[in-house]
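For reference, chains read A, B, C and D in written order, and residue numbers begin at 1 within each chain.
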Amino acid sequence: MNKSLKLSLACLAFLTVGQAFSQQKDIKLPPEATEFWEPVVRQITPGEQNHMAPSDAIVIFDGTSLDGFVSAKDGSSPAPWKLENGVMTVTPRTGDVQTKEKFGDMQLHIEWSAPTEIKGEGQGRGNSGIFLMSHYEVQVLDSYESRTYSNGQAASIYKQTPPLVNAMKKPGEWNTYDIYFTAPRFNADGMVVAPARVTVVHNGVLVQNNVEIKGPTEYIGIPNYKAHDNALPIKLQDHGDLVKFRNIWVRKL
Amino acid sequence: MNKSLKLSLACLAFLTVGQAFSQQKDIKLPPEATEFWEPVVRQITPGEQNHMAPSDAIVIFDGTSLDGFVSAKDGSSPAPWKLENGVMTVTPRTGDVQTKEKFGDMQLHIEWSAPTEIKGEGQGRGNSGIFLMSHYEVQVLDSYESRTYSNGQAASIYKQTPPLVNAMKKPGEWNTYDIYFTAPRFNADGMVVAPARVTVVHNGVLVQNNVEIKGPTEYIGIPNYKAHDNALPIKLQDHGDLVKFRNIWVRKL
Amino acid sequence: MNKSLKLSLACLAFLTVGQAFSQQKDIKLPPEATEFWEPVVRQITPGEQNHMAPSDAIVIFDGTSLDGFVSAKDGSSPAPWKLENGVMTVTPRTGDVQTKEKFGDMQLHIEWSAPTEIKGEGQGRGNSGIFLMSHYEVQVLDSYESRTYSNGQAASIYKQTPPLVNAMKKPGEWNTYDIYFTAPRFNADGMVVAPARVTVVHNGVLVQNNVEIKGPTEYIGIPNYKAHDNALPIKLQDHGDLVKFRNIWVRKL
Amino acid sequence: MNKSLKLSLACLAFLTVGQAFSQQKDIKLPPEATEFWEPVVRQITPGEQNHMAPSDAIVIFDGTSLDGFVSAKDGSSPAPWKLENGVMTVTPRTGDVQTKEKFGDMQLHIEWSAPTEIKGEGQGRGNSGIFLMSHYEVQVLDSYESRTYSNGQAASIYKQTPPLVNAMKKPGEWNTYDIYFTAPRFNADGMVVAPARVTVVHNGVLVQNNVEIKGPTEYIGIPNYKAHDNALPIKLQDHGDLVKFRNIWVRKL
């Protein structure tokens, strides 16, 4: 088009917009109009420090007993791991443990520490895992100055999504995970219509930001959702390494 | 339909499913097939404790100077608030302050404390606010055993979304906010095509879970998105109350 | 830092990345490894043309009877609107109508036409509305070359979100809406934990792309979610104008 | 706790809620307070029927010429496929074709037809594919009464997500895909921070509802995002079968 037409159109656009703006009425509202008193927000008491269980948390492990867990082999016999000095340690080759209680949408706080004696490389160093709903693994691994595949290092959604950054502490030091998890939803056909989602904060650093979980964690092959219950136990993995855990609590969302 | 037909159909369904299952091949893969070494995850050093700035954070306020802020009135003159004993306090009627640096997607850690002398009720007690990108307010208020409208209490997206629970500490005690924010995205027409989203953790408790922000915070009337820059300052509000702040750091995501 | 140090660091980075890349193993997999036979995808028969009901749809209105609807006044008496020539027309001042069946997550196809006789301006021209779950309105209005507020024109989420573009047909011509709706989810406290979401296609044009609905539609004041059932009727509005409807079907998702 | 205490607490809760409710002020607002005139919604003209290009669409293929495409081998030489009777047909072993224009967020309408001569089974029948941004494949396959793996049949996100239902038409009949696509977003580290998302409507039936794409489509192995440009060509696959295409148009969102 020629330039003068262009200018005319520009003017027209300006006028149209001007007109539109002029339609916006300048209403003087009372601010109360946008204040809502319901629903009433439930009061809780937070922990004195952020890693401590708030009043509405279910304490799974506070260092005094393994009663919050059972063996994952049969889902009922006592958890076969070691309890010492308020710390729970994987007992290699005794198998995974899982919570007695079942959870769907949840906030999970958990602390873990890699063995100080460094043996092996990559996946061989301080390997364990936290299986949300027994299916979806947030990786536990000694990734401190140790390279492995990105979607397999600590704080990855194992074999799916690497963490945004590597925020690991040294072997023997305590790492914290704060995990905000939304369970998947399935329709009548068994198709997943809302995949699981998770936010993971590792030692105070955001590493997974409302990330979609692609399906149940698979060591071999790709994940593929399969319909399951709305609430399932949390499982901790025995991967043969002396990984330690402490201070585990969960809030149902 | 009659019952025997129903049964036949059920059998048919069973057989069909059986057939389908049988098609799934049992492949023996090497596990390496699902291991990805790129992108390489960037290494950072987390704070010794979770509230401390990790190595990749931009420290806005560490108690030694107000240099990270300017007055929001003109965007350039020094921040007119009080600095004492490593703590920054609102100086009533001096106006809001804002960060020198601009941010879009971010992780923000900030601590605040309501005045110990309790004056007034509801919105009158320890009122301030954190405006992400200068537009989107996470409410700061003394909501400890004090009722106000749900979408206006501490940790609400102000006048939009109440927190899931009330996790307030007593006046004079320090509250922490850990905020994970995704900036809005606009198209060429100025329409919002991806609204802002935010996760807020209040004293270690999840209170906003990847919540969509409905538009810029409005005291009067409803929010309505308007296209803006990808990065803007964080603003802290002078609402006339002696709210204190400390330990403010931001990570660009 | 000085330039040679910079160079060295760049080299180091290059080497590190190079090393990382070299770790990626070149696995030869059988492609079957990523083929999943479950869940089995349910077979349906689509309509001969896209506006026609597929085999798994619930036909609400096909032009032969108003039996799919009842009066919304009492939820049980016959729908008081007019049926003529296969078309349903609002009978002003008889009140809204609603489906007998209740729906949550759904695909809804509906066609509507604004009156050819143009009376009034803005909201006064061919006004009606489709209330998903009886609460969430997709606006019906004659917005053809007629200006009103953006969040109130046809295909807006009424008083919430304007459509991305205005795809209206002339008064008397038939408009189609294809609506893909995900119902909101509430927790035990009555807080909304997953707001409703909707995609709207107007005359084949995307106008709402998986947009979050901010709460129940309010003519006056802002929306505020309140917990409700998982399935509720679809309501059509009597706004006093002679809006016509035809070809209404729904698929449960 | 004992029963009488329980009752007292219930009463207390009731009173508290009653009190809370009573705080909600009954404000009489003018409805104009929630009416927004900006942004102004851009006017377009939809197609006469929904499959026809609206006025703001870029027509890639209307049956008259292959000029909208080039060979994907070199990205510049003419598209080597056959044009006959307004229809474009894969010429086996000439390679993929791709659009000259590049797209990110988009609405894509495309029609395709499987060969009437049925040869082979499963993936062997009428195989082709639509690669959004050249990376993310919506599968094209003759899945009419032909079983293959669920995440490989027509309208699947290939090797990722099966469609919600199978809405295929018979070989030789025309299928429509209406695709609403949001491009992925990457951060400075090359990590994906917002994966691609897609809604697919197959013959008027919703089959993918704002589904997250897990990464670039891989025939062998699992998908893994890699940072790329904001806009890239759309690619159509030569899989050796005589699949036909017609009526292809795109709207930039």
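Just so we're on the same page, a contact is a pair of C-beta atoms (placed from the backbone, for glycine too) under 8 Å apart; a residue touches a chain by one contact, two chains touch by 3 or more.
Composition by chain, UniProt nomenclature: A, B, C, D = Multi-domain protein.
Please read all numbers here as calculations on a predicted model, not as lab measurements.
Although chain C (Multi-domain protein) and chain D (Multi-domain protein) share one sequence, what matters here is the overlap of their interface residues, and that overlap exceeds half of the numbers used. For the pair chain A (Multi-domain protein) and chain C (Multi-domain protein), the distance between C-alpha centroids works out to 31 Å.
Taking each chain's centre as the average of its CA atoms, chain A (Multi-domain protein) and chain B (Multi-domain protein) sit 17 Å apart. Residue positions 20, 23, 27, 29-30, 33-40, 42, 149, 151, 159, 162, 164-165, 182, 187, 189, 191, 193, 209, 221-222, 224, 253 of chain D (Multi-domain protein) each touch two or more of the other chains. Taken as a contact graph, with one node per protein chain and an edge wherever two chains touch, the assembly is complete, since every chain touches every other chain. Here chain D (Multi-domain protein) touches chain A (Multi-domain protein) in the complex through residues 16-17, 20-21, 23-25, 27, 29-30, 32-33, 35-38, 40, 151, 159, 162, 164-165, 187, 189, 191, 193, 195, 209, 212, 214, 222, 224, going by the rule given at the top.
The touching residues of chain D (Multi-domain protein), when paired with chain B (Multi-domain protein) in their complex, are 20, 23, 33-34, 36, 38-39, 42, 105, 147, 149, 182, 187-191, 193-194, 221-222, 224, 226-227, 253.
The touching residues of chain B (Multi-domain protein), when paired with chain A (Multi-domain protein) in their complex, are 27-31, 33-47, 49-52, 54, 56, 107, 109, 145, 149-153, 159, 162-169, 176, 178, 180, 182, 197, 199, 201-206, 209-210, 218-222, 251, 253.
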